[in-house]
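Labels run A, B, C and D following the written order; every chain starts at residue 1.
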Amino acid sequence: MTRIAVIGASGYTGVELLRLLLLHPDVEITSCVARRNAGENVEALFPSLLDQCSCVCDELDVEVLAQNADLVFTALPHQSAMEVIPSLLDKGLKVVDLSADYRLKEATTYAAWYQEHTSPELLAETPYGLPELYRKNIAQARLVANPGCYPTSVALALAPLLQEGWIDPTNLIIDSKSGTSGAGRDAKVGSLFCEVNEGFKAYGVASHRHTPEIEQTLSDLAGESVMINFTPHLLPVNRGILSTCYATLLKPATTKELIERYQTFYADEFFVRIHAAGSLPNVAYVRGSNFCDLGLVSDPRTGRVIVVSAIDNLVKGAAGQAVQNMNILLGLPEKTGLTVLPLFP
Amino acid sequence: MTRIAVIGASGYTGVELLRLLLLHPDVEITSCVARRNAGENVEALFPSLLDQCSCVCDELDVEVLAQNADLVFTALPHQSAMEVIPSLLDKGLKVVDLSADYRLKEATTYAAWYQEHTSPELLAETPYGLPELYRKNIAQARLVANPGCYPTSVALALAPLLQEGWIDPTNLIIDSKSGTSGAGRDAKVGSLFCEVNEGFKAYGVASHRHTPEIEQTLSDLAGESVMINFTPHLLPVNRGILSTCYATLLKPATTKELIERYQTFYADEFFVRIHAAGSLPNVAYVRGSNFCDLGLVSDPRTGRVIVVSAIDNLVKGAAGQAVQNMNILLGLPEKTGLTVLPLFP
Amino acid sequence: MTRIAVIGASGYTGVELLRLLLLHPDVEITSCVARRNAGENVEALFPSLLDQCSCVCDELDVEVLAQNADLVFTALPHQSAMEVIPSLLDKGLKVVDLSADYRLKEATTYAAWYQEHTSPELLAETPYGLPELYRKNIAQARLVANPGCYPTSVALALAPLLQEGWIDPTNLIIDSKSGTSGAGRDAKVGSLFCEVNEGFKAYGVASHRHTPEIEQTLSDLAGESVMINFTPHLLPVNRGILSTCYATLLKPATTKELIERYQTFYADEFFVRIHAAGSLPNVAYVRGSNFCDLGLVSDPRTGRVIVVSAIDNLVKGAAGQAVQNMNILLGLPEKTGLTVLPLFP
Amino acid sequence: MTRIAVIGASGYTGVELLRLLLLHPDVEITSCVARRNAGENVEALFPSLLDQCSCVCDELDVEVLAQNADLVFTALPHQSAMEVIPSLLDKGLKVVDLSADYRLKEATTYAAWYQEHTSPELLAETPYGLPELYRKNIAQARLVANPGCYPTSVALALAPLLQEGWIDPTNLIIDSKSGTSGAGRDAKVGSLFCEVNEGFKAYGVASHRHTPEIEQTLSDLAGESVMINFTPHLLPVNRGILSTCYATLLKPATTKELIERYQTFYADEFFVRIHAAGSLPNVAYVRGSNFCDLGLVSDPRTGRVIVVSAIDNLVKGAAGQAVQNMNILLGLPEKTGLTVLPLFP
């Protein structure tokens, strides 16, 4: 049994990690770190885990973690993550980081969208943990940068078209919608039930920090620099991201042809599901699972293709993908502990 | 008191008309037609109107309506509307039609997206009832074609930019999201609570029937033929449409400049509200009201402008706008009966 | 025009007062007090009021209020209310208080459930502002204690049966469910969207502070001391309270007889609506309105009657009832500004 | 691998059975019967199962089932179930019936609340499949009557108190609230999103068919005939039942004593979780799991105890409990395939 520590156990990503890890056959949780809730039982913070998790929240103590754990998940805000990760690596711990701190390859880009990076020397060695696209880089890493929720939904949606040059990379519009758990468990007026329920809005228009992360992956896939318009919206649901991606086809292609292209590209990927023509993804169909569902429509009137992707932002968009990365790091079958089916309705 | 009949009183648009008309100081409802519910009390169909509406649902009888009413709202599905409207006009009744039957100017376009038109001779004389853009055409009409919900949200969002040629009309992406009341009160599996709640999906991609209606108005504003990508989505809220519109600026403009342009363009329009820079519309802020809220962001990185509009699909997107058109037809102040403020939260 | 000040304008009850008062034909809002938001525009706090409210939030200054206002609504937490109300009265202002501070007649009861009362001398003169039951006491008052949301829903549900002794006052069970706006606009983890949505729970079991307020009114109606079990629950809706009340009939009565009793009792009450046999209230049917809907079922198997009441907690349960009390204080028709119909769906 | 057939696979209970059985290590689904959808792929009906279920919906053919299956789940409406079950038993198939047809011991009671029973001879031999209370009766059965959702939540809530005579069985009030999936997947106006969302109502007051089923179990536990008031309500959530039960204590007991009593009673029951004093169940904490959470409060003012129970109506209230019964019938550990943790948020 590999011993696992979760730092940042008191947020929604944290409890989702616990849900998945508690059912995982090859690991055991040995430490839960949550500064603000130190001393509290995890099951008191999350009664969904009543009788299923005996952990007590700890203060962060790298020495203790080095004794008790083999691998650490850091589910912290950006900046907080890079304050602790180098010392974890120094102790020989493997780390899957769910923050944004090690996702961008260029420290200057990080500085432009976040703040100065305090351990830029780690960026080059740290793989971007999107296994379907970068699996080979992950297995030997000390530190894996688990992708953002929006970027996961967009990269998987556009990879096949970009990689083979079917679409114009200079004219991409990404309109994304996320469930409210993406905003975290912090007590903020904007996340209150009455502010979100029966509402819908765009936010972070032309300024959301996931923009450079998306552009980095799309540029890598296209083999040239890609600049996008990315607009996130807040959905009145707990879980789920749906991204609607608009691209101009460089050569005509029918919906059927596009779907076949995707089926081939993702033929070996258990977690990517391609909808048949006439069917489209819905965040309700992936709830609680690690699936990314994709649907395509070609519009011959305008020469554009519309790709729709759906994930659960807490699973494939965060904790599930992190466990998938952990499985790769540990040499386990990638699906281990991640075969739970979507909860519908 | 002008005497009003509502045909199609048993749907969500119907009950919304009743809500607004019952509070209107200058009209009285004399007839409610709802074939499937003939003989039933309106307040039994809609207990929200308990003790406030003494109407009983009638079968459709044009002779009776000609005796009892001066003006008729037709809240029927397309095709059903054009089966009855010519006979209402023959009796001298004024009609505000909430269906799609008289919105498209070209019978061939109508035929391509719906079916053969059975009274194409009425299309030329029938104004498109979007008062903010076509007010002058409405006052003298016999029949007004009340716009669709999505088209209203899009036309008001893009009119200022298109009319003065600030954006490229050949590269428009419209990503819209509608509350579930837009799907009507018919018992369909896809509209069940458990299918919609906690879900989100695109539908009618590249094929929704509001596409030609939107394109007709945008083409008229641009002075040239416009073709768009329009993608509707289903939101798990009762009411509201949010449209996110992407356009390429032909000359650079800051967010501030764009907002000022909109404030000028809509300076005399009570029902159009422009958000200040940094603030964006939310369907929750227009709930139950006839307002259309607009927000803008200029993205200097990509040279695009993103315009976000929010309406209540049952009010500005249907019944409220229909009452606004009625007010114009009757020579009343346009706001009469429509000053109710949004219900938040 | 009577000049109105709202103290506590930045909460959900505050914005609901503004919504109603802005449409009221006989009053004008001259001051909005919200300490934490002093200096901010009300329409920035609540974009639902965009272009409709020019108020800026003020600090509390009793001298200024005495100059600018004739009547004040205090929408403050308990304890905060009684810190300011005596000084408002001293200035000759009329006050409608939406807090709990002046609802209980006995300062000792208040002390047992809240804390020491700092102006107990005002309790005797202050009427309990439930117009349907205590209208005559209100007209001449300086200060009106606007009832709690749960107590309103329960008192109107049980008044007819208790007043004429049809039920056993010693065996009453009240099971109530409230929408989340009742928890206020404070940023608390328990009020976050993801904590409330798709959830449902009881809270404050056998300890909720509305218990003595309910018992006070029921005791007054019964003419003897009444003790109840009252269990509130948190509903994942923005607005609405539904109370399900269980009582033992002292003499057999059919559902039809009970409904007739209620129709007679409330015959002159515009805001109380009695459902016909076989129909029952739904919080959706009163949304945004000042109505209290009542439904009854007699169960001959057990000899009990079940009374179900529905109100909008922010309207009849708070701001609407406060305006109703204001109308009485000002000698206006009681319905003035309160005739807006429920928003359904 | 035991071969399993699911009759009624196209409803919400059906898809939940599929979700659980597809992950069960000891069974395989060999047949899905859904008359109205015969010929359709299950994954087209429920895209949540995309790529995970290769079944095609069949017509009902008892001969085929006898060849292909060892055990059958019948997820049919009452009456439809008893039309097919005797013939399944004749073929030697074991049956877990999720309908109400074999739950009541007395055919006359069944006739009074439903219709004439067509195979009353089976009632005596058929155990009521609530394992925590009737485990011993289940193992040897041919046919198990899987309990109703409401009755499960109530029986587990009250069993400890009734069995040892701590409460007065003649004065029980049960106020229950169910998520909308309990209404099934039939297209009905009352189950539409816009009718349920932002709404809350009681239904079936003093007449719901689960009443005699609840009374049967409570009477058995109490050792005397019990008559209750049972009021179901419709919650705007997909899943979950919360029952609030009111009983009069025959001897004083503190909350702490009551909780200890429950912990002892359910000490060996994996699926029953007892909340500590001060904590109460929430349907959100059991979502997607087979847990039944219980919380208790003693009210010394009134001498009553309030017991709150929460289950997922589709899992412990239907499909999960059915799999639990299957495990018992097959001699498997009772938790097999049912250890998935609740999905929160």
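The rule is simple: contacts are C-beta pairs under 8 Å (C-beta built on N, C-alpha and C of every residue); 3 or more make two chains touch, one makes a residue touch a chain.
It should be emphasised that the depicted structure is a prediction, and the values quoted were computed from it without experimental measurement.
Student: Following contacts chain by chain, what is the lowest number of steps it takes to reach chain D starting at chain A?
Tutor: When the steps are counted carefully, the minimum from chain A to chain D is 1.
Student: State the chain with the largest centre-to-centre distance from chain B, centres being mean CA positions.
Tutor: Chain D.
Student: So what's the Cα centroid distance for chain C and chain D, whole Å?
Tutor: 38
Student: Roughly how far is chain B from chain D, going centre to centre by Cα mean, in whole Å?
Tutor: The answer is 45 Å.
Student: Roughly how far is chain B from chain C, going centre to centre by Cα mean, in whole Å?
Tutor: 36
Student: Where does chain B touch two or more other chains at once, residue-wise?
Tutor: 12, 181, 194-195, 197-198, 236-239, 281-282, 284, 287, 345
Student: Taking the complex as given, what residues does chain A use to touch chain B?
Tutor: Listed in rising order, the residues are 171, 173, 175, 177, 194-195, 197-203, 205-206, 227-229, 231, 233, 235-240, 242, 244, 246, 280-284, 287, 295, 297-299, 301-302, 304, 306, 308, 310, 345.
Student: State the interface residues of chain D toward chain A in the complex, per the touch definition above.
Tutor: Those residues of chain D that touch chain A are 12, 15, 19, 22-23, 44, 46-52, 181, 198, 238-239, 273, 275, 279, 281-282, 284-288, 291, 293, 339-345.
Student: What residues of chain C sit close enough to touch chain A in their complex?
Tutor: Checking each residue of chain C against chain A gives 12, 180-181, 185, 187-189, 191-198, 236-238.
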